[in-house]
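Next come two complexes built around chain A: one with chain B, the other with chain C.
Let's turn to the complex of A and B:
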């Protein structure tokens, strides 16, 4: 069993981050399911990470309370900025949330309490593997239940046609706000888990590139269901590690994979029908 | 102090406007948020450096060649990636993600080929002349940068207003479908737009490279953020708006850096952007297009 211990010592951080990014990917999937293209989730993740790390370091809160705070803090922010922002649609919403994300990053960069560009060091490593698995499982279960509920169907109606949905008596604003805030909770908790798994956080991890990375994971994996975003998060977190042997050229490969998937697998990598068809099960793609 | 700052702001702002012009053209005509525009900008910069180092071209010829190279790159991105996505009517999120892939590929290729360290133009390439008016120092290169940016923008602006191609492009911006029905070669003009946008991005790259005399594989990233800010402030797809907003952002950044703190420059820019989006989502000069039931 020694190799297992070695393996774990080397790769535990990587495995943790797959779980964390799966959770963040689900949070973006949730907003996309309601037709919202939001790039704020990296910032929400950052808020969760910083709030939880500061509560651990300065106030000495227990881990569970810290995680609750990591979910609630960005939810509060999402509630405040969501009411005016969610009037925007499509590309404009994406741009507004992106600008919000930049503002958050710059604020974190300039505050004294957040440690500025050096970030926060020495965060207690309280996150265990089962925490991530349990929270991820809970999120998947909750979201799967929600998809088949009245709320989930309302999300789908709004995504397909907002005007039609509102004419059917769906409160579009309220549903959008709900999706936005719930997405912020998931991202915030993921941030809290991440901060307590990696010992160290800095503002660089929650900027524009990360917002885009997370969105990419979801599109790469497939936005049709809950599995796709998690598969996307897993593959895109692993890919840079697997391509280590390509040295400085691994980014090229990374980018090419992204382009090729977008061009040739429009529904993402995880598309159950195509995978079944590949093994000769179920109906062929028509 | 103030006139000097205004001059720096004018230099920076005119390059922002030039960069944002290609960006906004892509959005206005093709409807694509082209996140590879920053990488094309970076390629333009390296191309100029390459032409100066290896072919010993004079600066103006290096600039034109770099514009040709980055224009072809823009064209290539359109033909290989954006066109197939258009053909299958992909939602607007998809081409944006494809262009992220392009940006990652190009900047890592540059990193692999040229290394991550800062490269500079060889000594003597950049004119070092300096004029002094009272207590304001003007570098010759700054005058060149402002003049070139404004000239390129003026040419483009007139072409869009006055020529048949310009009118066709504006028709496409309104609606590609009706433009096609009117007999306009929509695909051809899409390709032309991609070329022009790439060339504009490359030109901005060369000018920034000359202004700071520093070229790195990741130099496209910060200006891409600025470009996004500019096209939102100016109204997405609005050419005149992006010119004004580019200059405005340059001023806002230089002033807040000079009178607040160096980090606050970006905070002011994006904070303003966020507020403007809430109050006027269509930008400062745009009009709102909303679908009502």
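Let's turn to the complex of A and C:
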């Protein structure tokens, strides 16, 4: 038992991060499922983190209310920026959302209330393991149900062919906005959980690098389903820790793994069809 | 009836359509023919809301379609297929047809999450109806297959079934037999006749003259963005202007 306590004391932060990043990965999976290449989710996570941390520190809100606010604040922002930017597609949307992310980072960096470059310190550590498990479970259940409904099919149709989807009676703009805003909610809640698990947040954590990391997790894991992004988040959060023995070559090896996956497993490492074939179960129809 | 009045479309200084007027009945098979580049597909894009007319009006049973987005036009009862087939390749046949029912599956936003009775019955009925539509085009035995694995002719048939899932009053078919071999053409001709006999209005664009003449009850001929003839296949065939613009030039007419 003592061994377990030690293990938990050492690795609880890491395990929390896996859960939090699994949630963020799902948020970006949602936009990708609808054919949107958005890099705004790191910024949404940052907005959620800062709004929740400030509400805890300055207003003393209870934790559950803080988490609700962490979801709603970025959703409001997503609604406002989504209406003009979601007309764009492909790499143009990526550029616009990337610029948005930088604007958010620079605003946080220069405001007094956010503590500027020093960030916020002394955030109450209210996040418990079961909070993350419960919220992640709820998100997975909700998204899994959605995939099997008309909304999920509409997302997939939009991703494959927007014009054909619109001529099937699907309101493409509304569905895209919905995916974008719902993704912001998930990312924001993840930000709130993260802020209340790590004691300290700073603008650096929610910038360009983080945006790319999140996208990498999903591409690495596979965008075909809900498991892939979570597997990707888990592995890419663990990998730097597991590679600690490589010291300064860690970053190189990390990059190498990514390149190999993208080259040889373009659909990500979690691809149910291929895994079934690997174990000789053959392709399943439907 | 779908009424097109004085329809015109310019792209910058280029006039693609000018003063086009005709009526399409919501029953039977109606054809729009013309040489390459005559503006036929533009007419479809204007009707379905993918393009906005420069001049003129389009109305369905007296309801103006101007300014409506494509999904709104579909909901009013106009469905279409594309010259270059646009099915959802990574979805199964059944899912393709279910997408066509998007607007007809009524359950609340929370239905899928609570797995409510309304959700389950709507989905079950949707599936049953989708299988029925697939059986109309004789593809029901492949319902669980990915659409990408279908042959070209079968992909077109799936596109028909998917379009019918929107419960259209008028089905627009953009060159349904383009690129098909003679055997596939015969099969598709039968399918189009079946669809028409089930009470759907069919409005098709075609290049293949023999195909159109055998199928359509009424034909409009477009050339350089203007209507040059309208009438029964017999009347159109014997119209000297049509012969000169279209049928007379065998080298042009034979190319695809």
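Everything below uses one rule, namely that the second predicted complex is superposed on the first by the 281 of 286 C-alpha atoms of A that agree within 3 Å, B and C clash if a C-alpha of one lies under 4 Å from a C-alpha of the other, contacts with A are read in each partner's own complex, and residues count from 1 in each chain.
Heads up, the rule we're going with is that contacts are C-beta pairs under 8 Å (C-beta built on N, C-alpha and C of every residue); 3 or more make two chains touch, one makes a residue touch a chain.
Quantities reported herein were computed from a predicted structural model and do not represent experimental measurements.
Superposition of the two structures on chain A leaves chain B and chain C fitting side by side, clash-free. Legend: residue contacts after superposition of the two complexes on their common chain; A:275 is shown touching neither chain B nor chain C.
In the superposition on chain A, contact of A:172 is made with chain C only, not with chain B.
Of the two partner chains, neither chain B nor chain C is touched by A:65. Counted by residues of chain A touched, the larger count belongs to B, out of chain B and chain C. Of the two partner chains, chain B is the only one touched by A:96; chain C is not.
In the superposed pair of complexes, A:153 makes contact with chain C only, with no contact to chain B. In the superposition on chain A, A:163 contacts both chain B and chain C.
After superposing the two complexes on chain A, the closest approach between C-alpha atoms of chain B and chain C comes to 5 Å. With the contact threshold set out at the top, residues 163, 166-167 of chain A are in contact with chain B in one structure and with chain C in the other. Those residues of chain A lying in contact with chain B across their complex are 37, 84-85, 87-88, 90-92, 94-96, 98-100, 102-103, 106-107, 109-110, 163, 166-167, 208-209, 212, 215-216, 219, 247-252, 254-259, 262-263, 266. Interface of chain C with chain A (complex): residues 48, 50, 69-71, 74-75, 79-80, 82, 86-92, 94-95, 98-103, 105, 107, 111-113, 115, 119, 123, 144-145, 162, 165-166.
The part of chain A that touches chain C in the complex is made up of residues 141-142, 145-146, 148-151, 153-154, 156-157, 160-161, 163-172, 285-286. Of all residues in chain B, only 33, 35, 81, 84-85, 88, 90, 92-94, 97-98, 100-109, 111-112, 221, 225, 228-229, 232, 236, 261, 263-264, 266-267, 270-271, 273-274, 277-278, 281-282, 291-293 touch chain A in the complex they form.
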